[in-house]
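The same subunit A turns up in both complexes below, where it pairs with subunit B and then with subunit C.
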Partner chain A sequence: MDKNSHLETVIRTHQITKEKELLNKHIQKKNEVKNALEDEYGSNVYAPFNSGSYEKNTAINTKFDFDLVSPFRRNAFGSGGTLKEMYEAVYDFLFHKYKNVAEVRKQKVSIGLEFYTDSDGDKIKIDVVPGRELNQDQYKDDENLNLFVYYKYGNIDAGSERIKTNVQSQINNIKERANKEKDSIRKIIRLLKVWKNTKGNYPTKSFFLELITIKAFDKGNITGNLWDKLKAVLEYIRDNITNSDFTLKDPGNSSNDLADTLTDSEKDQLANDMKNMLDRIKENDENLKTYFPENPKFKEEDKNRYKTNGSIPMPPPKLNFG
Partner chain B sequence: MSLEAHEELLNGLVEKGKSHYPNEFGGILVGYYSQDNTYLHITDTILPKTFKASKFSFERSTKGIERKLGIYYKEIPKQFYVGEWHTHPDNSPIPSLTDISALNAIINNQDACLANPVLLIIGYSKRKVDFGFYVWFENKLYRYE
Partner chain C sequence: MNDRVTKINTLIESIPDVKLLKPFVQGKFDIEGCISVFVEGLEEGLNFDVSIDPQYPFKSHDTETIKFYNEDLLAYRHIMGNGSICIHTAHSPVLSDKLCFDIESVKAWIRKYYINKDSDTHYEHLIVTNKAFKGNHFAFFFNEVEYSFSKNQFGFVDYSPLSNGIFYKDKIRSNILQVFYDRNRKTLSDVKWNIQLKFLHRSNGVFIFLKDTPSNNQRWAFEKWSELETFLPQEFLEFLHLVEEKSQKGKEKFLPLFIGYNITEAEIHWQVIMLEIGNFPIYGEKVNKQWLTMIDGNRTIDWAITRNCSYKYFFGRGRLNEQLTNSKILIIGIGAIGSIVAKTLVRSGCTKVDFIDYDIKEPENVCRSEYSFYTGISNKTNDLINEMCLISPFFEVAYGGFDYSEAFNFFLKTHLTDMNIKSEIEKHLNEYDVIFDCSADSDLLYLLTQLNINSTLLNFSISNHAKQFVCAAEQNRYEFITTQFNGGVLKFDTDDLYNPTGCWNPTFKASYNDINTLVQYALKHINLRFINDKALRNFVIETDDTDCLTINLKEF
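== the complex of A and B ==
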C-alpha cells in the first residue's frame, strides 16, 4: 500500500469544496445569528466574527467548526456586570430566540446552537462565544477578550474568568504558518482533525491539535514525504505531551497555556493513542486506513466528473509555461 | 470526463499561435461544464494584453482578462475560466515541467478555485499541427484521447 497516496486521498476527499453547499448553509446561519446578536445588543457589541476552522483554512468537510465570537463592550452588561452575567444573558437571549428551531446548550466557553435537521438531512451547528473587552473601548486596540468558563475542562476551573485571548491573532498565526510551510502543516492538521473525528467526542480541541502541529514543526526535524511528516508529528505528540514541563503557548496571549486545556489523564490518553496508532501502522500499513479514513460522503460517482464549487474561477495573475 | 471544442476555435488558436512564430504564445480558455459535470465545452479564448515570450517560454498576465471573464459569466450558459493554452513551436504538444507547475499553481490558487484545469498545448511545425489536451484530475495530469 502506498501510504502517501492514501493520505493525499484522505485530505482530498475531506476537502471543503466537496461540501460547499453545506458550508454555504453554515455561513448563512452564522450570518443570521450574527445579525440577531447585533440587533439585540446594538452598540454594546462589536462585529461578531467567525473563528472556526473554516477561517483558519484547515477545515475538513465532515464537520465544520463554526465559532462565532461575539465581542461585547466592557459595560454592555452594566459597569459592574460580571462575565457570568454576560454569559447567562447571551444564553437567555439565544435560548428564547432559537429554542423552537435548535438545541441550545451551554458549553465550555460557548453557547451551542444545533439546528434541527433540515429537509436535506443536514445539521447546522454554530457555537457562539461571548467575550468582553478588558476595559471600555480597549478592544479596538488590542482585540483581547475575556471569556467565561462555564464548566471545567482540562485544568481550567468552571466559573473562572481568566481566559483572555486575542482570537484574531490566533487566526492569523495559523494562517501565516500554514502559508509559510506551504502545504505540510495544513495537511497534517487536516489529517489530525480527520483522526479526531473518528474518535467521536474527544477532549482534545482542534485548536490544540493545530498548535501542537506547529510546535512539532518548530521543534523537530520534520521532513520527508507526507507520511514521514505525519509520523514525526505523531511521535512528537507521543513523546512530549505528558512531560510535566510541556507547554503550548497561545499565540494570542502567551500567558495562556493550551496544555492546561487537557487534564493529566487526558494527556496520558492522547499519548497512548499516538503510541497505539504508530504501533498498529508499523505492524501493518493497511491500519492507516482505520485511523485516517476517506470521507464516506465522497461518492464514487464524483470520480470522472469535473469538480465545481459554485464560485467563479479566476486565473492566477501570472503564469509561466515552457 | 470529456471535452469539446469547436474546430473554428481551435483553428483560430493555431493561427494566433503561428503569428508569433518562432515564439510561444497562448491565453486562457473559457467554457462551461455540462449539467452532470461530465463534459467540458470550451467556447472561447481570452488573449493576454501583456506577456513575455521566447521560443521556449511564455508568461502571460491577466491584464484585461478579469473584466472580460465577468462578461462571459453573464451569458447563458455561464462561461468561466476553465484552463490555459499555449504553443510549442517546432515541437510536440508534451507538457514541460514548467507547464506542470503552472497547473499546480492553478490548483493551489484559492481564487482560481478550479479543481480540474485544462491545459491545451498546440505543437506545430510548418507541416503539421498537433493538439495535446490535458486535464488535471486528483493530483495527476491526464491526456484526453
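== the complex of A and C ==
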C-alpha cells in the first residue's frame, strides 16, 4: 500500500470545495447569526468574525468548524458587568432567538447552535464565542479579548475569567505558518482533523491540534514525504504531550498555555491514541485506512475494479461472523 | 490403644498452652478426648471436648473433621447449637501439622470472640434447623420491598411454587414470595421479579412482622412454639385461627407463615414456618368467660429454608461495573456471540437488556450459543428471553420479540432517507445506553454509521476458527471492520468454512469454547475500561495456538 498516495486521496476527498452547497449554508447561517448579534447589541459589539478552520484554511468537509467570535465592548453589560454576565446574556439572547429551530447549548467557552436537520438532511452548527475587550475602546487597537469559561476546560476551572486572547493573532499565526511550509502543515492539520472525527466527541480541540502540529514542525526536523511528516508529528505528540514541562503557547496571548485545556487523563489518552495508531500502522500499512479514511461521499473510483480482460470481479466473500 | 490415638495424645501434649485433661480414646467411629487451651488474657485455660473423625486430617466436604465442644460457650459468636466452635483453619495432609493449625485456630477464636468479644462486620444469619415437612423440604425466596412494616403487622402473602428438586436425599420445593397484603387483602407491596416469575400460579400464606429476632442468643431460631408465645399477639393468633378455618375448604395441605424481623435498621429478613392445615399449633381456651386462641407450646416449629434474593445478594459475589449494570442495553444479533454476550451481561447484573434478531433457533445452533435443545425450534428472541428469565429474577425485557426485530430491520433499511423516520429511529436507539451489534450484518454496520446515536455502540464479530475477535467501538467502525476483515489485515483461513445442509450461506467453524473465550476476554476489557473511566477504542483480540494458546488484545 502506498501510504502517501492514500493520504493525498484522503485530503482530496475532504476538500471543503467538494461540499460547496453545505459550505454556503454554513456561511449563510453564520451571517444570519452575525446580523442577529449586531442588531441586538448595536454599538456594544464590534463586528463578529469567523475564527474557525475555514478562516484558517485548515477545514475539512466532514466537519465545518464555524466559530463566530463576538467582541463586546468593555461596558456592554454595564460598567461593572462580569464576563459571566456577558456569557449568560448572550446565551439568553441566542436561546430565545433560536430555541425553535436549533439546540442551543452552553459549551466550554462558546454557545453552540445546532440547527435542526434541514430537508437535505444537513445539520448546520455554529459556535458563538462571546469575548470582551480588556478596556473600553481598546479592542480596535490591540484586538485582545477576555473569554468566560463556562464548563471546566481541561485544567481550567469553570467560572474562570483568566482566558485573555487575541483571536485575530491566532488566525494569522496559523495561516502564515501554514503558507510558509508550502502546505505541509495544513495537510497534516487536515489529516489530524480527519482522525479526530473518527473518534466522535474527542476532548482535544482542533485549535490544539493546529498549534501542536506547528510546534512539532518548530521543534523537530520534519522532512520527507507526507507520511514521514505525519508520522513525525504523531511521534512528537506521543512523546511530548504528557511531559510535565510541555507547554503550548497561545499565539493570541503567550501567557495562555493551551496544554491546560486538557486534563492529565485526556493527555494520557491522546498519547496512548498516538502510540496505538503508530504501532498498528507499523504492523500493517492497511490500518492507515482506519485512522485516515477517505470521505466515502467523494470516494474515488478504483480504476482497477474491472480487470484489463474486462471480466466482472468476484464479490468479496463474507468473512466476519456473529 | 492404636497408633493414631497414641500419636494424637503425644502431639497434643507437646503443643504449648494445651493440656490433655482426658486422654484421647477410640470411640465407635471417632477418637474422643478432652483438652484445655490457654491463651494470654485468660485466667485459666478453656476446656473442650474434642472429637476427631476418621477422615482427619482431611475435611469432610467443606467441614472440618475435628470438633471442639463446650456448651458453656453458647452465648458467644461462632458457636454451633451443639456447643462446637466454628474454626477456619489451614489445610495439611500431615496429621501433626494439621493438629497444630487447628489448635492455633481455637486459640484465635478464643482471642477474638471469647476475650475481645468481637463482632463481625457482616450479619450472621440465625441458625435454623431445617427438617423435611410432610416428606418435603420447602424453600422460599424473597426480595426487598419498598414498604415499611410496623411491629406486629400481619396479613396475607401470595407466593408461587417455582420448581421441585432434590435436596440431598429428600425432595425440595422452591417458592418465591409474590405480594404482601394486609389482613383485609388490600395490597401492601408487590415483590418485584421478572415477568415470567410474576405470571406463575399463586398460593396463599400469611405473614407477621415481629421486628425482633425469634431466637435465643440472637443465634439459634426458636425450636418450640412456646418460645414464640410472647412474640405473637392474641389478635394475630385469632387471625391465624380464622385463616385455618377458611383454608380447610381449599386444596392446599399446608400454609407458610412468614416471620419478619430486622437484621439491621434498614434490612428485613424473613423466615418461614410451615403450618399444616387442620393442625395449626393453636387451640381455643375460655379464660374469664372469653375464648382466647392459645399456642400449643410443646409443638416443634417446622422451619423452612429462606433466602434473601434481592439484587445486592443475588449479584453479591460478583457483577460488572455499575456503568454497565445500570445501563439500558440493546443486543442486535443473538447468534453465537450475541447470545453469549446476553447471558454474560444478565448473569453479571445487567437487568435491562433488549434483543433484536429475525432468526429462528435450530437444534444445530445449540452447540455454540446459549440456547437449550429442550425448547426446540423457536424465534431466537423469544427463546433467549426465556433463557434470561430462568437465570435472573431481575431481567426486564421491554422489547425483543419477533415483530420488534422485523420492524427495526424494515424501518432502518427502507426509510433511512425519510428524515422523520430516521429521526424516530435515532430517538429510539438513543434510549439505550449501550448497543451491542453482534449481527455481523455489513448493511446494518453501514446504516448505523449513518445515524446520529449517542449510545455507546459496540460492534462484535469473529473470524473463521475464532482466530480473531474484532470490536469496533468508534465512529470509524465501518472502515475499521472492512479494513480488518476485507482489507487483508487479519490473516485467517477463508476456505475451511462449515456448510450446513441446504442452500444456506456457509458459516464459520468454531466451538462454544473457542467463541466464549474471546467474548469473555472482550467483555472483560470493556468492563475494565468502564471501571477506569477510560474511553473505549476499537480493538482486535488475536489468538495464536501454534504451541500454547496466547491471546493478545490490540487497541487501535
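We adopt the following convention: the second predicted complex is superposed on the first by the 298 of 322 C-alpha atoms of A that agree within 3 Å, B and C clash if a C-alpha of one lies under 4 Å from a C-alpha of the other, contacts with A are read in each partner's own complex, and residues count from 1 in each chain.
Quick note on the criterion: a residue touches a chain if its C-beta (ideal position, glycine included) is under 8 Å from a C-beta of that chain, and two chains touch if they have at least 3 such contacts.
The model shown is predicted, which means the values in this text are computed figures rather than measured ones.
Asker: For A:N284 in the superposed arrangement: first (subunit B), second (subunit C), both or neither?
Answerer: A:N284: touches subunit C, not subunit B.
Asker: Should A:P316 be classified as contacting the first partner (subunit B), the second (subunit C), both, or neither?
Answerer: In the superposition, A:P316 touches subunit B and subunit C alike.
Asker: Once the structures are superposed on A, label A:D273 by its partner contacts, choosing first (subunit B), second (subunit C), both or neither.
Answerer: A:D273 sits against subunit C, while subunit B stays out of touch.
Asker: Quick check for you: in the superposed arrangement, does A:R12 touch first (subunit B), second (subunit C), both or neither?
Answerer: Touch partner of A:R12: subunit B, not subunit C.
Asker: State whether subunit B or subunit C is in contact with more residues of subunit A in the superposed arrangement.
Answerer: C
Asker: Of the residues on subunit A, which ones does subunit B touch that subunit C also touches?
Answerer: The overlap between the subunit B and subunit C interfaces on subunit A comprises residues 316-322.
Asker: Which of the residues in subunit A come into contact with subunit B in the complex?
Answerer: 8-9, 12, 17, 183, 303-309, 311-322
Asker: Can you check the complex and tell me which residues of subunit A touch subunit C?
Answerer: Touch list, subunit A to subunit C: 117, 119, 121, 197-200, 265, 269, 272-273, 276-277, 279-280, 283-284, 286-287, 289-291, 293, 316-322.
Asker: Using the touch definition from the top, list the residues of subunit C that touch subunit A in their complex.
Answerer: The touching residues are 333, 335-338, 417, 419, 422-423, 438-442, 460-464, 470, 474-476, 479-481, 483-489, 492, 494, 505, 507-508, 533-535, 537-538, 554-556.
Asker: Hey, which residues of subunit B end up touching subunit A in the complex?
Answerer: Touching subunit A from subunit B are residues 1, 24, 26, 28, 33, 36-38, 40, 56-62, 65-66, 69, 73, 80-82, 84, 86, 96-99, 101-102, 105-106, 108-109, 111-116, 138-139.
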